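Order of writing sets the labels: A, B and C. Residues in every chain begin at 1.
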Amino acid sequence: MSDDANAFQTALALILGRDPDLVGIVVLSLQISLTAVLIAALIGLPLGAALALWRFPGHSVIVVALNALMGLPPVVAGLSVYLLLSRAGPLGELGMLFTPGAMVIAQIILVLPIIAALARQQVEELFQEYREQLTSLGLSRLRMIPTLLWDARLGLVTVVLAGFGRASAEVGAVMIVGGNIDGVTRVMTTAIVLETSKGNLPLALGLGLVLLSLVALVNAAAYLMSETARRRLG
Amino acid sequence: MNDMTTLPVTDAPPLEMQGVTFIHRGQRLLEPLDLHLTGCRRTLVMGPNGAGKSLLMRLAHGLLTPSAGRVHWEGRPPRQAMVFQRPVLLRRSALANLAYALAVNGTPRRDRKPRARQALERFGLAALEKRPARVLSGGEQQRLALARAWLLDPEVLFLDEPTSALDPAAIKAVEDAVQEFHNRGTRIVMSSHDLHQARRLADDVLFLCRGRLIEHTPTETFFTAPASSQARAFIRGDLVL
Amino acid sequence: MQNKARIALTAVSLLGLSMAAQAQDGERYITLASTTSTENSGLFDAIIPQFTETTGIDVRVVAVGTGQAFEIARRGDADSLLVHDTAGEERFVEEGYGTERADVMYNDFVLIGPGGDPAGIADAETVAEALSLIAEAEAPFASRGDDSGTNRAELRLWDSAGVEPGGEWYRELGSGMGPTLNTAAGMDAYVMSDRATWVAFDNPQDLALLFEGDDALFNQYGSLLISQERFPHLKHDLAEQWHNWLLSDEGQQAIADFEVKGQQLFFPNATQ
């Protein structure tokens, strides 16, 4: 039997068997990535909107920096957080290294630039359209932010999904700051790396398929939601 | 046609524009312009495309800042609203669009929906209250934009070519609405390039051509005795260059 | 909109709480920095539950290369160390990071290569001879190249063979043992592995064990206690219990009992 078919069967068996270890890994993966994306969205969406609405000295520097950070290698993000949270680092007192919290922080660093930069583009487009009307209604720029974010929500769902994609797919950062500790910080991607290094390729691929299905599931749900809304709202 | 004595009264302060100029990327889009608008008059801003009608409206409404000169309300700035050529409606229901405008101007939450419903009814949109605003027809959208302006109870209402993309029935609805605003005592400043619309609606005509204010006269004078060759050509239906 | 923000905030705090709870429920645990060979072979899965049952202490293993394991410990991020680089371990104690080092167990390194054995190392008398044959044939050799215990041992062996490895045939991968074996399998290269990782490895393709048994291939694992003076925040009491358990009869027996595919992979040799 070819490895690929084997991997597919392994994936199916993993899903159908509901192996408690796997369930734990899946739940932890989702908890970490969703928390990171949620926090990154709460910061990144208003930040992106602010960058779309205001021009100030250093504005273009921030925009270019955000765009560049979208390509930040996860390992670099992980290493920075590692040095920050290590006992020998400035935040060592917190004792957060090798915990899920550290993984959330690393993923926020990876996801925040994506959400902020893409949100800025979306909001800027809408701002062009709404600007005169909202000004005419007497809104200050600050008060425009929630309106623009809410009206751009359909596009912003995609933005947040892009962030979730990056968070759930990356391995370099969570490996370094989480340590891939069995039952504590082992997530889908680090488990895949571990199984690969054991030479257990079918299991590694099987886990990969499980991860892919999960991400697909989240995306499908968001897509359906926003399509329905799009049809309804025009 | 319209005598001063028949006009409703208003407290709206006069608008004074002095030497107002607008330059964009080195191009003078509006030559120094002086203008005085008072009372509860319906002023139609006319002129060929590119004459600077929209620009004048935006400067007067405060959406743009003049490059030189000043825009000044004598006394206090009035409550104003503006209706655009292509209505800008938010991605929510017709009712929510109106409630939003009320929220912005500080109406208490419990009053918003009842007042929004009244406005929808007044503009013949009651059946559409739950429909998303952006899937309404062009005419319905423009009526919704007028209903929104209505709720703001403006003393001065600017309308920028509000009927240029509409069919006759929808145009009629907009003109009726403008009449209602007028009856309520709102000063109207509306741009248009439809001469018949000016005949139907206007007390005064502002005639602009290539960024220059050429005439500001009562409607009747404008049509019977235009002072400029450009206005005469415009009324005849010639292309004004 | 406000409602949604509230829901989002609630969700965040719930997620945060649940993770904080996870961090809390194993209050009695230590973080052990160790090597990939011990983790990948499944040794820890076999012995840690026994330790936990006896003491109620959980051991959280961060499995990295020996070089990185030392670095983690030097920064004060691990309560305990279990690695296989005796010289490095002694230096760690000398530098004052560790207070005690003890032999725990050993296994051995083996030379793996393509089944056809193009360099003919299977008949070599010593590991030095085997390595010289590979260098002479310029047969592809995959090195960890990651400053791990295995990598350090490999470099010492080249040195004793009088070969300075380099050139087209010598490939430094900068990877862990498993990935290095995967790569070696893909390019039909020779590779040095610890026996445990090799036996537990599931993707050998054409690779086979070609040379073993030289005393020079001895691979000693040591457990270290970390300086309380230098790192007062660490869980020294718990770490000492783990250290002592590894050296105890019970711990030594647990190591001896661990088998993969019917083979014992680690041989306890603590001196008491």
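Heads up, the rule we're going with is that a residue touches a chain if its C-beta (ideal position, glycine included) is under 8 Å from a C-beta of that chain, and two chains touch if they have at least 3 such contacts.
In this text the structure is predicted, and so the values were computed from the model without any measurement.
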Chain contact topology (line, ring, star, complete or other): line
Chain nearest the global centroid, as defined over all protein CA atoms shown: A
Chain centre separation (subunit A, subunit B; CA means) in Å: 47
Centre-to-centre distance between subunit C and subunit B (centres being mean Cα positions), rounded to whole Å: 78
Mean-CA-position distance for subunit C and subunit A (Å): 32
Multi-partner residues of subunit A (at least 2 other chains): 150
Residue numbers on subunit B that touch subunit A, as the complex places them: 58, 61, 63, 80-82, 84, 88, 90-92, 100-101, 104-105, 132-135, 152
For the subunit A and subunit B complex, residues of the former touching the latter: 129-130, 132-133, 135-139, 143, 147, 150-151, 153-154, 232-234
Subunit A to subunit C touching residues, read off their complex: 31-32, 34-35, 38-39, 41-42, 86-89, 92, 95, 97-101, 104, 146, 150, 179-182, 184, 194, 196-201
Touching residues on subunit C, where the partner in the complex is subunit A: 1, 8-9, 11-12, 15-16, 18-20, 22-23, 26, 31, 36, 39-40, 44-45, 60-64, 74-77, 176-179, 181-182, 185, 200-204, 231, 233
